[in-house]
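Across the two complexes that follow, subunit A remains constant while its partner is subunit B and subsequently subunit C.
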Partner chain A sequence: MKKENANRVLKISILRFDPNNPKDFPHMQTFEVLEAEGMTLFIALNDIREHQDNSLMFDFVCRAGICGSCSMLVNGRPTLACRTLTSKLERHITLAPLPLFQLIGDLSINTGKWMRGLNGRLETWIHDKEAEFSFDKLEQKMEPELANEIYELDRCIECGCCVAGCGTIQMRPNFVGAVGLNKIARYHLDPRDKREDKDYYELVGDEEGVFGCMTLLGCEDVCPKNLPLQSKIAYLRRMMIKTSMKD
Partner chain B sequence: MKREKIDKIPARLDLIQSSTGLILALFIMGHILFEASILISHEMMYKVTIMFEGYYFFGETYPGIVSFLAAAVFSIFILHAGIAMRKFPASYKQYRTIKDHALSMKHEDSSLWIIQVVTGFVMFFTGSVHLYIMMTQASNIGPYASSSRVVEELMGPLYLVLLVSVVLHAFIGLYRLALKWGFMEGKSTKVSRKRFKYLMKIMIVFYLALGTLSLAKYTYIGLSHDFSDGLRYQSPDIKMETH
Partner chain C sequence: MKIIYTDVLIIGGGLAGLRVATGVKERGHDAIVLTLVPPKRSHSAAAQGGMQASLANCKMGEGDNEDIHFGDTIRGSDWGADQEVARMFVHCAPKAIRELASWGVPWNRVKKGEHTSIINAQKVGIMEKEEAHGLITARDFGGTKKWRTCYTSDGTGHSMLFAVDNKAQEKKVEIHERLEAISLIHEDGRCYGAVARNLMNGELVAYVSKATTIATGGYGRIYSVSTNAVICQGMGQAIALETGIATLGNMEAIQFHPTAIVPVGILTTEGCRGDGGLLLDKDGYRFMPDYEPEKKELASRDVVSRRMTEHIRKGKGVQSRYGDHLWLDITILGREHIEKNLREVKEICENFLGIDPAVDWIPVRPTQHYSMGGIRTTHRGESQTLKGLYSCGEAACWDMHGFNRLGGNSVSETVVSGMLVSEYISDFCDSKESSVHITSSKIETFLQKEKDKLEALLTKENGEDAYILRRAMEKIMMEKVGIFRNGDDLQKAVDELEELLKRSKNIEVFRSKSRAANPALVNAYRTQKMIKLALTVALGALLREESRGAHSREDFPARDDENWLKRTITSWPDKNQTLPSVDYEEIPIGNMELPPGFRGYGKDLTIHHPKTAARVSMVEAISKKLEADGASRDEIQNALMPFLDKLPKKYRGKNERLGDNS
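After this line comes the complex of A and B, so read on.
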């Protein structure tokens, strides 16, 4: 890409739609923004809202790639707007909300509702029938390597990029997606979770689970946290096949 | 829904889809190589043919062996098609969704999948015709008989379509299989995936070139050879009563 001097005038086209306004239809609106050094899309969008159109809807909280609120389609690819430098993009930028999630308006979507449903469906919490929870009891020790491995998968911020990047889930919305499979892989690693392989098979051992994955790897390619999704889904697939061969 | 025993069918289907695909892809790699023996000489192709007919094991040729192999491949082919068909877009809406998704995201691996769906669909027909003919006319394989099939019986165009479809489908499929099951994943999937993709592209180019050249040679023989003496090739070295 050509390294141009600063002060480009960016043309930012945004897919706008307010689902709560019965008279509104989805349409593109283009704004011009003077590029500043080190500008991210977070800064550009705030510039637009502040100086050009205060009705523009979009989400940001941490602006540091941790909260997962600002995921959107940037030139058709799901990513976090706060971590996207405008200098890495062409002058004309297209923004759209992530598909599949409930649209709040313009670029703002409700990922939380979808993720809540997913977590409920996959029961993404520690299952331990026997343990009576007690504040007095010392926690079981864990090897640092294992703790790190679990932490690696726990870095998921539920931004929804892997869902928007997955062709399978776009076609078949009941598919759990990489975010769900990653969570199953995470709890499967955790020795505190007493669920057996068979229990995990119940959750994702079907065509809406790991066997629905067609390895298009959109998830792996767009995950802003670089989670090892390809590797973990392959691991789950092998594990589920093994489970199905037992007894 | 909780049940006493887990439903093993989804796991089996997935495993059968992958393993039948692997078998077919390996088969096709051999197939295209063997048929390219025509590029070396008529004699070489003849020797390969009678090898598969069992000449070097029994001293005689049995085209029935080839018929049987074709029937076995056909069965695996049908099984694979039937199971893999589950993944096809089931409606126009689904088709549009995946197509728009792959194009707007400019995502290569998603686009490769669409190529697999299209080539798979094409092979329902082209592959079946080819396999059925091999099953029923296994004795008509050879430097002249095959050339006659390509030219006189107008199988050339069908073979060309089938060649392109099968090569794309097989190597994209092998690439996907490796990633799907974590084969030779190594420390970094980014590195191993890049290598597999590179290998896939090389294999596609190599096999397309080899297949097209062979087909061109069969076409050339078919156009230039005088078939008035029949379709049999007479080897200067190997004499056979029946062949």
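After this line comes the complex of A and C, so read on.
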């Protein structure tokens, strides 16, 4: 932390609402927290909960930027709170839950349900009816570079930032989002998944899929894992157009 | 009253729990998984470096097999492990990784031709075989004779968890998210499920099942600094303990990982050192070769953590406002390697330390990381004392890690134990024994009991603040039940924790009185349970007057096989007890394939058991005779300690390897 920032008193304004409490209504509440060296929003929010308001709801699990639980709007921008250092922010910070997901309370949202629905809809698993797996035999070979490319896309943590940063989904609530399109790109790349182009076309070859994207690319800007969403969406779109021409 | 019936209830949605669920589903049983968080957010996702399986595909893994993996695991455990369980594990690890490959994990692969690696601070050229091209590769890890740790960059746990969760979804496993099991339902020595609390709306639900599996991971969060996710609070072990019937094993066996970043305690993978990273002191001096000339930075985790602490105590640590630390230097690996194979480490360094690990050294120190102890089970994953209760993964003590776990053996254990235990559970569910005999009124009493407890927390007046008690507990564990332990401090720890336990009966949830989603209420009941677990750890550590693996007593530096070749078994039979009951279970030498010996670190102080010498000669005689007769390694193994008949039939086959080095 820079010297001039030492001993700042942070003002953290949080959009609060407990949907389980019929008397509550959405409102902003501001807390003051003495900043410490290396402080993250994980540390600051826990400090508030422990010392100022023990009813404050938020979600952290790994607190290391790996699990995707703590996505929220930090000064209006979707990001992972656990790895956001307060020293990189102005003294006055506003926090709000990610939009579009079911609100559990305060900053806690139900991304799990949304993502599970998406995975079910896109069937994000290996499809291979002919697979003859033996527990005893050598594994199937794969080109090392291809394995790396698949891992690159497999790094998505389903945090929901791309969904919250998406313009399209505001108008098309069933849009699969960059998270969904990235998953399709991942399985399309994977030779173990025997689905064909036309199968993928069935899944995302419409306006709720790749043709719905308005190419605003907020997703790419906010993805905490820096996934190549823009190029994958463009690639899928070309592939889908080719597929549609074939039929 | 809400009751949900199922065949198999699984508490915990990480790798172990999900693998059990897919396994029992495959066998035709219904399964419901209760999880605190969406499964893909489980702590399994944080496993970075890799999964051990003796595939022997890469050059530096050549010649590897189950025997070598077994030997590493047993030595790593300081002979505390159950050798039959370890055998079952090493036999099935290659099967598990191959299954995961077919489920979509993009394991890093062998690339034919020459590549450079850093070994002992030198660049070394390694030539990979043509025929291995495209098979799963491996990296070096601590305490292993071969490069055996398979990986996907340093996001191994993440890739595994996503693949297994996707498989569970394909198999239509029912997942109930944000449901916390807060007590087990049991009657006449038989477990029938759990009372669970919905963390979103506070509703209490009774899940009644033929078999109940606890796969909730470790209890690292009883320490104030831990690499563990914040949900790793040991609630699975606690609800088992609170039955008064189920037992916990070796709770004092706690692993400290050498390289967590300072101050926040986030892990940087052992892969950093496996790939060639070095540990340096305040003078930039590489000190590990002085202590452990052979394995250096890649000695077993418990050893490296102790050596680092010793070196800091000699005044060689780097001073900081958060206490002394040492440096992890991975700059010698080069940017390209870091950005490809250690990318999570790079992100963590950038985001939490504001440094670039390709240029800067990383501030690290040993930090609580893994719970070897857990719910004591048989090799089938079933509680020894409470029928119908199963446990696997880090939550359990079945016991393959003894007093120290090897890096790369934990995610491997999750999927292997999940594969095996799901078969044993399915066998149980197929049998008449599994029939459920519990009345709805009895179930209702269990529900009511929990409801009353929660109500008491919310309505208590002039009570204790759960946060204050919890922080006090964490501090005691950090300061008095850490890497080096001694009788005086441990006695104080037990006394102070006992006092906290008494106070915790009087916890009041201040201000935040909601009966629905209420983090203060959650903290209150979990704190009560965590203090009980902390007591099992501290008391077990106080009573164990020897040093074994990660349990290191300054006042008893020797491993004492004569008196302590046994497991600590803890239970809480009477809820009014303020200390757990402690008992011991002998680890029989007579059937060990690898009788107790010297691990090869530091000075050999072992006090041997009188029966060790006889078993050593017997093992030697049998091996020699069979070798002379031209027996295969499998035949010799089988003569020393047969285990295959304990495995489900489908997992008994021989593992194929390139060139077949059997």
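The rule is simple: the second predicted complex is superposed on the first by the 239 of 247 C-alpha atoms of A that agree within 3 Å, B and C clash if a C-alpha of one lies under 4 Å from a C-alpha of the other, contacts with A are read in each partner's own complex, and residues count from 1 in each chain.
We adopt the following convention: a contact is a pair of C-beta atoms (placed from the backbone, for glycine too) under 8 Å apart; a residue touches a chain by one contact, two chains touch by 3 or more.
Keep in mind that this is a model prediction, so the values were computed, not measured.
Engineer: Clash or fit: what happens to subunit B and subunit C when subunit A is overlaid?
Structural biologist: fit
Engineer: I'd like to know which partner A:198 touches here: subunit B for first, subunit C for second, both or neither.
Structural biologist: Only subunit B; A:198 stays clear of subunit C.
Engineer: Return the chain, subunit B or subunit C, that is in touch with more residues of subunit A.
Structural biologist: C
Engineer: Quick one: classify A:148 as touching subunit B (first), subunit C (second), both or neither.
Structural biologist: In the superposition, A:148 contacts subunit C only.
Engineer: Scan A:7 for contacts with subunit B and subunit C and give back first, second, both or neither.
Structural biologist: neither
Engineer: Which partner does A:113 reach: the first (subunit B), the second (subunit C), both, or neither?
Structural biologist: second
Engineer: Mind working out whether A:126 is in touch with subunit B, subunit C, both or neither, as first, second, both or neither?
Structural biologist: A:126 sits against subunit C, while subunit B stays out of touch.
Engineer: Given the superposition on chain A, what is the angle at the CA centre of subunit A with arms to the CA centres of subunit B and subunit C, as a multiple of 10 degrees?
Structural biologist: Nearest-10 rounding gives 160 degrees.
Engineer: Across all Cα pairs of subunit B and subunit C, what is the smallest distance in the superposition, given in whole Å?
Structural biologist: 15
Engineer: Enumerate the contact residues on subunit B facing subunit A in the complex.
Structural biologist: 2-3, 6-8, 10-15, 86-87, 89, 94, 97-98, 101-102, 104-107, 109-110, 113, 176, 179-182, 185, 189, 193
Engineer: In the complex, go through subunit A and note every residue touching subunit C.
Structural biologist: Touching subunit C: residues 18, 20-21, 37-38, 40, 43, 49-50, 53-57, 59-69, 83, 85, 104-105, 108, 110-113, 115-116, 119-120, 123-126, 131, 133-144, 147-148, 150-151, 154-155, 157-158, 190, 192-193 of subunit A.
Engineer: Please output the residues of subunit A touching subunit B within their complex, sorted ascending.
Structural biologist: My answer: residues 73, 76-78, 165, 167, 170-172, 198, 201-202, 205-207, 209, 211, 213-218, 220-221, 228, 230-231, 234-235, 237-238, 240-241, 243-245.
Engineer: If you look only at subunit C, which of its residues touch subunit A in the complex?
Structural biologist: Of all residues in subunit C, those touching subunit A are 37-38, 40-43, 45-46, 55, 95, 97-99, 101-104, 106-111, 133-137, 152-153, 155, 158-159, 162, 166-167, 169-170, 175, 177-178, 200-202, 229-231, 263-264, 266-267, 321, 340, 344, 347-348, 351-354, 467, 509-512, 514, 516-520, 523, 650-651, 653-658.
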